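Next up: some structures, all given as structure tokens.
In what follows, chain A forms one complex with chain B and a second complex with chain C.
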Partner chain A sequence: MSSYRTRMGDGRVVELTEAELRADLEAGTQDAAERGGIPPLNEEELGFLFELFACPYRVVGVEPGHEVVLTDDGSVNALYGAQSSSGTGVPVDRETAIRVYERAMGFDTMELGHADYSFKAVRPIVALEQQAMEGTLQSTIVPMFYGGMPNMALYARPDGPFPNPADLLPEGRIDEAREAQEQAGERVTRDMVFVAAKMAEIGTDGINFDTTASAGDVEFLATLRAVERVALDTDLAIEVGMAAEFVLGMHGEVEYRGTRLAGLYPHEQVTLVAEAGAHVFGPVVNTNTRRSTPWNVARAVTFVKACVEAATIPVHANVGNGVGGVPLTETPPLDMVTRAGVAMVEIARIDGL
Partner chain B sequence: MATLTMKEAKQKAIDIVLAIDEEGSAALAQEALDSGLDPVELLQEGFTVGMRRAGELFEAEEMSLPEMIIAADAMLAAFDILEKAIPEGQETESLGTVVIGTIEGDVHDIGKTIVGTLLGVSGFDVHDLGRDVAISEFVRVVKETGANLVGSSALMTTTMVGQQKLEDALAEAGLRDKVKTMVGGAAATQHWADKIGADVYAESATEAVQRAKEAASA
Partner chain C sequence: MPVAHSVASGMGGIRAAGDLVARMQLHRKMRLPEAKRYVAERLGVRSVDLSDEVLMRELREELDIGVVTSVPGCAKGLEAKWRIADLLGVEIQCVERFKRKVGV
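Coming up: the complex of A and B.
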């Protein structure tokens, strides 16, 4: 009986029989369909995925003419970041790394971001970041985004001024936890809008609100409000990338334009992000390390396909370490990264990666 | 007034926990006692079942974290009343003592807090050390409490190495044979748990509770 070499969600190599591979693809799409209340992949799409994972070649690619935009986020950490931080530890500064991405790797847009990658941390040093952006804009051709995370947890004690919901919730102090999050959310919006305005001043092409909703539904609300303001006040292209596949209900009751934010999946998130005024959406689907990559890719593609179908703005899926079907490892393996990318393009019909 | 049957009481207990009705929970507990029902059976097959389903709803993103915590409070409100009525010798035994915290250098503790909450309402005595916890503090509290399970969470690849250090520190303190170790967090995997010699890995909060129960009874 023939078997196919693939990987588990934690990157380990595993051999699957044809029946196992087909069963994993079926189970992955069904899991997404049940959780998201969306259609599963059809037989033809599952057949495509089977051929993709049965293909013996290590690296795969899309059909000529199907290429999509390559958008970077997380700044250029993957190149210059330490290996223990999921980077490759190449000893270059970030401006040089950006030029390597543009000129050697063929990226279509690039992002500059602070090593801390949080808007709160950038606020007091924004002049330095403006200076770095000015230099980068003059030495690159591709559109330049400035990127960072809302990272609302930094606004809670001991790192910030507001009570920490993670302390209050276990004590049953629900109302206080909710109020603290609402207060922190206002500060998050303020810092995001401030940094975006400063970047707009010097001619930056876009702003990327990345890893959004990592602290839950209030952080997502804070981001949507920041998008509204930035769209109103600047000409920046606005990209919103998510932190996880669903919005965690840390508050549970906040709404945006009548929609409860807790529990929203990508196809629901994108609608609100577009309504707020963003121009690009980056959905995230988390990888289950206990399941195979075929299971994870089928699941991720099912979610993202529904997201693309619901979207009125371009969708640039997150396909990287532990998201988009890619295994969670220190350095994601190319065999599975390329398969996830191909599946996103050919089945989910994304606009960019 | 009609007397409450055990079957009715169990169903009501499940419904009340899922409806996150703290006052209703206490009232039901009292009504059950007034009707002469067995408090242990009602706790184990009514309120605890409701809380387990609440955990499942949370995993399915159909219940928010505050709602799950209020549900836990609702269950505990009933527990406080029913516990006092349990005859001597029939008290529900603790499933074990768990020390839990997020590894030093890591401040991500939402997941760890959820696991701690679910372990607590499932019958474990939980000592939640919070976030950014020094390895020496884990060891100290394990020693002090005589814990039979210690859980550490790491969200980042840069901090997950602390879970290996905890294994080493427990061994150095002569505690490793006395305590089971459990690892979790976004960066942890079953492969990582196997690699460092941790006893338990779980992908989700409800699975963590199940695996903790298995480890505690092994």
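Coming up: the complex of A and C.
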């Protein structure tokens, strides 16, 4: 009986029979369909995925003419950063690294971000970030984003001024936890809008609100409010990238324009992000390390396809370490990264990656 | 990993016309097929040609909108973006700022 070499969601090699591969693809799409209340992939789409994973070649690519636009959160951190950013520790400054990405790696857009990558950390040093961006804008051709994370957890004690909901919730102090999050959310919006305005002042092309809702529904609300303000007050293009497939209900009751935010999946998130005024949405679907990559890719593509169909703005799917079907491992394997990307392009019909 | 996506699925940036298609997504919220059609019409090529690095290398030099190799005299940085703004019919904010600074 023939078998196919693929990988688990943690990156380790596994051999699947044809029946096992087909069963994993079917189970992955069904899992997404049931959780999201969305259609599963059809037979033709599952057949495409089977051929994609049965293909023995190490690297695969999209059909000519199907190429998509690339945006990248953190971007050059991968060159100069450390292990926590999947960085390789190359001694190169950000502005030089951006030129390398633009001219040597063929990136469609680029992003400047602080090593901490949080708007809270950037606020007191924003003038330095503006100067770095000014120099970059003068020397580059591709559209330039400034990127960072709302990272609402930084506003809770001991790192910030507000009570920590992670301490209050286990004690049953629900109302206090909710109030602390609402207060922190206002600060998050304030810092995001402040940094965005400073970047707009100097002619930046766009702002990337990345890893949105990492601290749950209030952080998502804070980001949507920031998007509204930035869209109203600046000419910046706004990208909103998510932290996870599902908005955690750390508060549970907050709404945006009448929609409860807790529990929303990508096809629902994109509608609100577009209503707020964003230009690009980056959905996330998390990788399950205990399932195979075919299972994870089928599942991720099912969610993202529904998101693309619901969207009125470009959708740039997150297909990075541990998301979008890519294995969660420090060295994401090229065979699975390219298969996840191709599946997103050819089946989900994304506008970008 | 970003390099893997660039090779397998990306439009090629300034090696081809990826930066131009990206601009239409960012300036006008155009979905990918619409953005490609718009840029292709402005350049007088087919959508499929936008990621052909051989064709676009020559066309970019002819239009003087910045090329990926280092060619003395070709438009670079802000110079290229000024020409791209005119070509695509969009306002690029750093170009507008530069115009204000030099009194154009």
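Criterion: the second predicted complex is superposed on the first by the 349 of 353 C-alpha atoms of A that agree within 3 Å, B and C clash if a C-alpha of one lies under 4 Å from a C-alpha of the other, contacts with A are read in each partner's own complex, and residues count from 1 in each chain.
Keep in mind that, in the parts below, contacts are C-beta pairs under 8 Å (C-beta built on N, C-alpha and C of every residue); 3 or more make two chains touch, one makes a residue touch a chain.
Values in this document were obtained by computation on a predicted structure and should not be read as measured data.
Clash-free side-by-side placement of chain B and chain C is the outcome of superposition onto chain A.
Once chain A of one complex is fitted onto chain A of the other, the partner contacts of A:322 are limited to chain B, with no touch recorded for chain C. Chain A is touched at more residues by one of its partners, and among chain B and chain C that partner is C.
Contact with neither chain B nor chain C is seen for A:111 once the two complexes are overlaid on the shared chain. Within the superposed three-chain model, A:67 lies in touch with chain C and out of touch with chain B [touch as defined at top].
When both complexes are overlaid on chain A, the residue A:78 reaches chain C alone and has no touch with chain B. Residue contacts after overlaying the shared chain place A:86 against chain B and chain C alike. Shared-chain residue A:263: touches chain B; no touch with chain C. With both structures placed on the common chain, the touch criterion links A:237 to chain C but leaves chain B unconnected. Look at A:137: by the touch rule set out above, it reaches chain C but stays clear of chain B. Once both structures are fitted on chain A, no C-alpha atom of chain B lies closer than 16 Å to one of chain C.
Overlap of the chain B and chain C interfaces on chain A comprises residues 86.
The touching residues of chain C, when paired with chain A in their complex, are 1-16, 18-19, 21-23, 25-27, 29-32, 35, 47-48, 50-52, 65-66, 68, 76-78, 80-81, 84, 91-98.
Remark: chain A residues 59-62, 64-65, 67-72, 75, 78, 86, 101-103, 105-109, 137-144, 200, 202-206, 235-237, 279-280, 311-314, 319-321, 326, 332, 334, 337-338, 341-342, 344-345, 350-353 touch chain C in the complex. Here chain B touches chain A in the complex through residues 60-67, 69-70, 73, 107-110, 113, 116-117, 128, 130-131, 156-158, 161, 186-187, 189-192, 203, going by the rule given at the top. Listed in rising order, the residues of chain A touching chain B in the complex are 8-12, 35, 82, 84-86, 153, 159, 166-167, 169-170, 172, 174, 177-178, 215-217, 246, 248-253, 262-263, 288-290, 322, 328, 330.
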